[in-house]
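One structure coming up, written as structure tokens, with questions to follow.
All chains are identified by letter, namely A, B, C, D, E and F, in their written order; residue positions are counted from 1 within each chain.
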Amino acid sequence: ERDKYENNDVAGVVTGLAWTSVGGDILFIESILSRGKGALNITGNLGKVMKESATIALEYIKANADLFGIDPSVFENYNVHIHVPEGATPKDGPSAGIAMLTSLVSLFSQRKVKKSLAMTGEITLRGKVLPVGGIKEKILAAKRARIKEIILCEDNRKDIAEIKPEYLKGLTFHYVRDMQQVIDIAVTSRKVARPKNLVGTTGKP
Amino acid sequence: ERDKYENNDVAGVVTGLAWTSVGGDILFIESILSRGKGALNITGNLGKVMKESATIALEYIKANADLFGIDPSVFENYNVHIHVPEGATPKDGPSAGIAMLTSLVSLFSQRKVKKSLAMTGEITLRGKVLPVGGIKEKILAAKRARIKEIILCEDNRKDIAEIKPEYLKGLTFHYVRDMQQVIDIAVTSRKVARPKNLVGTTGKP
Amino acid sequence: ERDKYENNDVAGVVTGLAWTSVGGDILFIESILSRGKGALNITGNLGKVMKESATIALEYIKANADLFGIDPSVFENYNVHIHVPEGATPKDGPSAGIAMLTSLVSLFSQRKVKKSLAMTGEITLRGKVLPVGGIKEKILAAKRARIKEIILCEDNRKDIAEIKPEYLKGLTFHYVRDMQQVIDIAVTSRKVARPKNLVGTTGKP
Amino acid sequence: ERDKYENNDVAGVVTGLAWTSVGGDILFIESILSRGKGALNITGNLGKVMKESATIALEYIKANADLFGIDPSVFENYNVHIHVPEGATPKDGPSAGIAMLTSLVSLFSQRKVKKSLAMTGEITLRGKVLPVGGIKEKILAAKRARIKEIILCEDNRKDIAEIKPEYLKGLTFHYVRDMQQVIDIAVTSRKVARPKNLVGTTGKP
Amino acid sequence: ERDKYENNDVAGVVTGLAWTSVGGDILFIESILSRGKGALNITGNLGKVMKESATIALEYIKANADLFGIDPSVFENYNVHIHVPEGATPKDGPSAGIAMLTSLVSLFSQRKVKKSLAMTGEITLRGKVLPVGGIKEKILAAKRARIKEIILCEDNRKDIAEIKPEYLKGLTFHYVRDMQQVIDIAVTSRKVARPKNLVGTTGKP
Amino acid sequence: ERDKYENNDVAGVVTGLAWTSVGGDILFIESILSRGKGALNITGNLGKVMKESATIALEYIKANADLFGIDPSVFENYNVHIHVPEGATPKDGPSAGIAMLTSLVSLFSQRKVKKSLAMTGEITLRGKVLPVGGIKEKILAAKRARIKEIILCEDNRKDIAEIKPEYLKGLTFHYVRDMQQVIDIAVTSRKVARPKNLVGTTGKP
């Protein structure tokens, strides 16, 4: 039984695409902030590479806070927790990178993620998005889950070209080369319901 | 020999439902607070996924303290210890999530958990409750243990429908979709006997 | 060659009962305090579950300091070290729990443990004592070691009923349900010889 | 499918040369700075030896900040993160040493790395560059990736002499003995686009 | 080739007795102090049980500083390093306990250890000395190494009784029950050459 | 292909002698200082025993700073990094001990190590030098590497006596018993080029 897209009003929730030997599926990246000193907590039975993706996403945002309109002193006042349900399923690989990046930008800006959108792609510290595998299976799973738009790396365009057009009906694809493009597409300008008023070092939001 | 429900007046004690190859059983989630700097201690011979559930429960409460009426500065003044007896039995899996959440909300609010209630369900950082397995075995164990009410994920309703009605006699089921519903059902408004007077950062309870 | 009971005037020394494939034996729980910041050191070649028992005992006392008449600020000014000789023997399991609890209460109150007393039972964070296995072998070992009184969980009463009365001659049994009962029986009101004058945060004993 | 050189304007991005059982390839060393207390984060599925290279590069720069014109107090105010994509590929060995050194000098000085340049060589704490293996495969990969200049250890000159001249057409080789030579060749005097204004302990850039 | 006793004027050097499948040998416990915050460093390729002995020795001295005439504030101003040569030989077991205790008392008091003395015995937190194995092999090794006096647990007296008297010629045995007796025999009242002037928290020696 | 001696003007670089199943070789111990709080970093793919040698060397110097004319407050203001190239080669064993000691004394005093000198020997916390194995292979490697003088433990003199004199031509041997002798022979009174002006706690060099 596969998961369905959920129209979620909560900051930090992003839909990713997973691919295992038993086929594709969607997964959810969830992140929250609590008052603290900048610790990063990662749960969801993740392997080493997937945990590294979370670290890369957070460090990239911290190093480029200005690009994303985030007050950098916020990073010192909150702990970040990233979780990927379902907890019993081991998960690994770099392909959740752009979903983790999007989750954290949504979280720190308290802005809504675009509706009915899923994404898959590896991230790098130089801001590039890299292609990933299992595209066909992931796309089929996205359709089943009622996803409408999908972000992929430009280098994965050729993988879409190999899929029968009838399977792609109703899906819009966004091909990107860098992480700024992901955020421009995925994070809306609307605040989430009951946004947190994040406090910087100065003690002021 | 199976455990029995215990009408416990202590804050932080919640009845969960477990399922192993030798059948279902109830288990107890216990948590306590001691003065400290916010450390989380987890014991009970728990595996990685079950420890992650405890982390998720605590971080979710810290990130949403206002929802639960908890002064967030309390988190910085106390250590939390979560234990799941019996200590010799290895335990794992995400299904104790909602019981851990309930335990911690009872603990931080010093309010009583509802009597004769058990629960099983996975938690997420976005506030959803996810379905879990072994429902039939868990329900039979709950009856044997003299449980009267059970909280399950809405997606587990179909598992109950497959159980012969005679096995369900005397049991009331609560099907939930999100973690706030769990707390509304499980944590009463009555304070426990001899409630702790928790102290926030201001030095005032 | 089996150990013998030792009439020990030192705070923190408690006699437990162990059971392995080669039979029962007594063991000693030892604990000491040194000036520090609240660290817990555990030695004696202990396995994970037995180390968890030590953590549970200490955290339970910290969370319920008032029940035991202990100034909670003491916990921040001393390190606790728990050791279980003999160092070469690997040990594990939860059954030393009540002996560890008793050791720490004796230590923090600098009061004598009752003479010729041994005990075995698991502890929980909600204050309950749980039954343990190997009762027959443990009782025989206790007699050989010249123990006079034994504390057991109420649920282990049935195990004693199965032992031939002639083996029980000279032994008094105390059956308990909760940890407060253990302390009431095991820790006397007499101070140890040369008691430490423990200093709280205020700088005053 | 092999990677191509990317003319990258970002500080800290350097092209290295890798060699595995399936042939040579280029790889990218990426590094970024975020406000912090001097922590070093390393990702990219790296083995022990490659992680040690990153530590050596950073410690060498910290010990010889004056050689590179870097205000040493900067090291206490920023965390460094080094990543080597692609995240799913395990990588190890010391041959990325000079590329990591170059990456960090570019990062701390916010100066551009020379265009179309790749490099391979082990670094030491005494400032020497050591030869590495797989030279032929690495050179072929560099050509395919449109690299124009390559830095090698002087002791690898003999490995180049064994390659057919036609394979070397269009490539310029720089043979070096010490790490200062690497930086002189690889790091230009031009600032990157939008250079970070790094802040020293004095609070002034 | 076996080691010989060395008449060592350095504080903290004590001769222990080891026993392996290839026979007995003497070994040296060495310890030093350097300015620090109370860290304990242990080297010499030691196993878990032998490292625990070092911890027990140090914690026992810290908890009973008055018994040994040591200003307890010294513990907070120095790091302790315990080493057991030869570094390539793996070592384990509890029998070096009394030698480690003696080493640390000599170190903290800067007093000489008695000449031509060796010892073997397990230590406990309640101040008792426990018997150890391999006594015959250890005694033969001690003679070969020109040891004159040996400290053993009282419970090992029977092991000496089983050794042919001719092998014991020239050896004096001290049988002890508690750790205070060990120190009374082993640590002289004479200061070592160039004693360190240890500084307490008050800044005064 | 074997390494050659390098006349190195850098502080902290010392030539050691290694011995593996494929014969002897020289190796370089390198160490550097960077501003910090006294951390010790060790790289070079070293095993447990060799890492312990580095710890012993540093702790010995810290405990005996006066013997070496080093202001002890320097230890609190710098981090030490010890590296042993080549990074890809796993290395272990205690025989680099005296070379590590020499490296650190040279580093902290910023004095030159004697030219064309190599050494091998284990160190202890009581200041003794212990003999090591593989002497014949190490000596042959030292000659090939153009070493002129070699420091060995006095107990290794017999191993040299077994080597044909013709192999020893041009080599001068220094046999030592303690670590002070090593430093007297190996560390000259001349400062290195561009010596660091190390700063003590007082803020003054």
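Assorted remarks:
One rule holds in what follows: a contact is a pair of C-beta atoms (placed from the backbone, for glycine too) under 8 Å apart; a residue touches a chain by one contact, two chains touch by 3 or more.
In this text, all values refer to a predicted model and were calculated from it rather than measured experimentally.
Distance between Cα centroids is largest for the pairing of chain C with D. Chain C and chain F have CA centres that are 51 Å apart. Separating the CA-averaged centres of chain B and chain F is a span of 59 Å.
Shared contact sites, meaning residues of chain F that touch two or more other chains, are absent.
All chains form one closed ring of contacts, and listing them from chain E in the direction of chain F gives E, F, D, A, B, C. In the complex of the two chains, the chain F residues touching chain E come out as 48-49, 52-53, 55-56, 59-60, 62-64, 72, 75-76, 93-94, 97, 122, 124-128, 130. Only residues 6, 8, 10, 12-13, 28, 30-35, 41, 43-45, 79, 81-83, 85-88 of chain A touch chain B when the two sit together in their complex.
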